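Listed next: structures, encoded as structure tokens.
Paired with chain B in one complex and with chain C in the other, chain A is shared by the two complexes that follow.
Let's look at the complex of A and B:
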């Protein structure tokens, strides 16, 4: 049970470029926060600074009332799950999970009990005597989880823990981690570059780019109300459509970019975007993604619920509602949409 | 299931031929010769010989001097092998932290690898020389009643030979240990950083077990170095032989065979030495290797 407060964290590895630039985040008690961003955006560095594996150049990290600056990693009461699991190859599953407790002078019987409980929870009871080499990817992942769990830490840190798993296992583990975290109520920070992971798991997500926080919000809020052009483009699959403001009359003069989600483009509406020709259709069953271009050569993606009857080469007029348009200025910041 | 068969080509044999020739000429043939000679008594001029069954072996085993050299060799080899591994490990651990930050140092640190035992011996000879040796002067500063005199005193000679041999071998061990340390996954060490607040216990419980394959390999080659290759150091520091009591078995083989012209007895010693090393290697692989975890 803990609240994590990062205030004004900066870190640079080479002079002149900031890996993490003035980041301030507050993670509430029991909250599941996802740090999302492209590779090299500083999200892993930020996580490693919380763990104490990197030291920030400036700024402060606090867990409840305790300031963590200068506290060695093992004394922070923080557990981390690594991307490649980082299991101790020479120890059994039991040994891996018991290691941290042994070093904290927990009585033997208590260690045994806690490891067995965690193993039960993670369905690892039959594998306690095995070495990590003898386990599958998903099992290793669960051992890494177990190793963090038995410590009963104040905060969980996840560094892309699912990226080494295959797609179906990833979906299962996504669900399991989320259920487990909710049941135990341990404050968690989860780093990922996968927006599906971030959107489905997180209570709130932090979108980062080039060391800076672009936006903090609930998944839906970030999706519906991107505060910057980067967030608009990074969140959402298929990617958001970027339009030339010249296509739409009546926009404010400082608007240099207009974005609209693929599902907001329709065959009727207030704003006429022009004639659209279909280049490619992806039928996904529950939805259909249509790729094509406007008569001026401007590429667009349209998402339609269910199955539809059009075919490649068909043309039709594309419309949208004015309130669905997202306007950005030259710096990429969101502008108020006067129509909404 | 149909298997794929490759036609047998003579080319692979041609490729391994040079190596086989080297092994044959420099190892198998001399070994066989030593084995054969150990059953003969040869006259000092090498003109005639006489088959004497196991007499040479009985002579060696019942020789009090041989037993003394045997025990001093055991101690010498154990000290040289262990100290050169432990000291190299100490240096490697210290350097490992730096290397993770920078790779510029790496080539410089491996230079000393190229020193031959004979060169190490020469350097030791200079360092401990009564005329110009700084270590000779340094050690004599501390002696009150007894003088440090490696040319006469067996114990002092032992110290010179052991330190020279260790000094030479540290660089070899160091290179392997640094490589071994660098091969330990970074994330595993980081995980232990979160799990264990005590740096020494972290090293003992995580780093050392993960380094075990390298350490085991080094143990095997260091023991064979300490037993055999230190001959180069001994012969360069003491061209006319060390004070008696600072000999090793290999040096005694050489002295008895080539200077004492007792080819049969020297060959018997060689065969005994071969058997000892063979047993030692078997013991290492059977009992120590079991505890090594290969990833």
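Let's look at the complex of A and C:
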């Protein structure tokens, strides 16, 4: 159980471009934090610095009272689950899970007990004698978890652990990891580029872009109140609609971009956005996604709950509530919405 | 169906011809080795085995012959075995550790040094045999197993093989091992060595056969009959010519057959791992 504090971490691989730029994050005891961002945003580098596999150029990492700077990975009391699992191919499941303990000279009987416990927890008891080659993707994933688990680390690090699994298995593992983490109460940092994973699993999200933290908050907070234009565009599927401020009268002059979520566009409301023509309809059962354009050629996506009666080529006026509009200035920072 | 049949017949004919081409000389050597030397001089090579099988091989293995008449074929086989095994194990050990250093440790000029090692492939033993002889002589290692084996165990081929293999081991495995508390030596012994098993077997066969077949090197490095290898020993049989006796062709043939057996045995034992090591790696 531990609190992780990153203060002002910087790292560059090439002179002039920062892979991680002044990142400060605090992860609370037992919290599940997701680092979310497009590939190359520095989230994996940040995780690897926490693990000690990379060394930051400046800034400090602390776990509770212990400053981790300069401490080798094995002594940090952190466990990591890798994207490709990185199991030792020549060792059995038992051997894989026991290896760290063996290196720490834990007594044999105690190793056995801890591995068996972890195997029980992860439903791996029947597979302890198998080699990783003989396991399915989900089982390998669980072995990787087990290997991290038996060490009883103060903090768990996950580096996109679900991206090698197929969609249905990914959903199951998502749930499993979350339940396990909650039950054990181990502080966890989870790196992903998949917003569904981040939204569904994390207590809090850190959205990163180009080495910088764009926003930290709970999943709902980040979704509802994106602080930057990047966050607004990155979170949410289908993607948020970006509008020309000229379409809407009465906006502050410094506003250069207006965003609105697809579910906030309706057929009635305070603000009239103009005539909309439907190009394409995606029926998903529980909801319907409608793609089309305003009369000025501006593309829009609308999300409607349930099934509806419209067809391609139909036209209607689109409205929205003023409070749902998200305003951004030229630097991409959020502006106060005077209407709300 | 008929056409398929014809194709298969042709395939088999080619295979059978190939086998005959390879095996017939060996068979003739074996069959001839079972006749007395005088018979061979009078009647030439033989295809049907004679009645001297046990006598010839027994005398070759136990009677002291050679330049100073002090060495048996059994001893020659032992010498060859020591040379072959020492050569193979030494090469594997040196090239594995060299490749480990090149791949996993960042040191100045690492890549450059690798290519320097690699370029030594352009210099076969025969080119550097005189300086090598000088070095061995200055170290006082002539007429010793150490002198026979150690100067030959640096291997560019082996280093290259292991380098390519180590580079194909996922980076994350190293990182996982680091997190699991394995230092450089533990990682090498616990992770890399077991992963390299098939590679080691493959290299062992190749290097054993190369070591076994060394001719010029033992010839130059040893003057004492105690170190004569079997491959070199075959040639000594012909020395009888100079002494105007009948050359003991049957003994020569028997030695040739004996010289063949250990490499064949090694290949048969390691064959499976050999093919696995060359074709795939179980990662």
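Going forward, the second predicted complex is superposed on the first by the 340 of 340 C-alpha atoms of A that agree within 3 Å, B and C clash if a C-alpha of one lies under 4 Å from a C-alpha of the other, contacts with A are read in each partner's own complex, and residues count from 1 in each chain.
In the analysis below, contacts are C-beta pairs under 8 Å (C-beta built on N, C-alpha and C of every residue); 3 or more make two chains touch, one makes a residue touch a chain.
Quick caveat: nothing in here was measured; it's all calculated off a predicted structure.
Asks: Once both complexes are superposed via chain A, do chain B and chain C end up clashing or fitting?
Replies: Once both complexes are aligned on chain A, chain B and chain C clash.
Asks: With both complexes overlaid on chain A, does A:191 touch chain B (first), chain C (second), both or neither?
Replies: In the superposition, A:191 touches no partner, neither chain B nor chain C.
Asks: Based on the superposed arrangement, let me know which partner A:271 touches: chain B (first), chain C (second), both, or neither?
Replies: A:271: touches no partner chain.
Asks: Looking at the overlay, does A:208 come into contact with chain B only (first), chain C only (second), both, or neither?
Replies: neither
Asks: A:61 contacts which: chain B (first), chain C (second), both, neither?
Replies: neither
Asks: Once the shared chain is lined up, is A:19 touching chain B (first), chain C (second), both, or neither of them?
Replies: Neither partner.
Asks: Applying the touch criterion given at the start, work out whether A:300 contacts chain B, chain C, both or neither, answering first, second, both or neither.
Replies: neither
Asks: Which parts of chain A are touched by chain B and by chain C alike?
Replies: 51-53, 72-74, 78-80, 82-84, 86-90, 99-100, 103, 133, 147, 151
Asks: For a test of understanding, state which residues of chain C touch chain A in their complex under the given definition.
Replies: Its residues touching chain A are 170, 172-173, 175-182, 186, 190-191, 194-195, 197, 282-283.
Asks: Applying the document's contact rule, which stretches of chain A touch chain B when the two form their complex?
Replies: 51-53, 72-76, 78-80, 82-84, 86-90, 99-100, 103, 131, 133, 147, 151
Asks: For chain A, which residues are in contact with chain C within the complex?
Replies: On the chain A side, the touching residues are 51-53, 72-74, 78-80, 82-91, 99-100, 103-104, 133, 147, 151.
Asks: In the complex of these two chains, what residues of chain B are touching chain A?
Replies: Going by the criterion above, the answer is residues 185, 187-188, 190-198, 201, 205-206, 209-210, 212, 293, 295.
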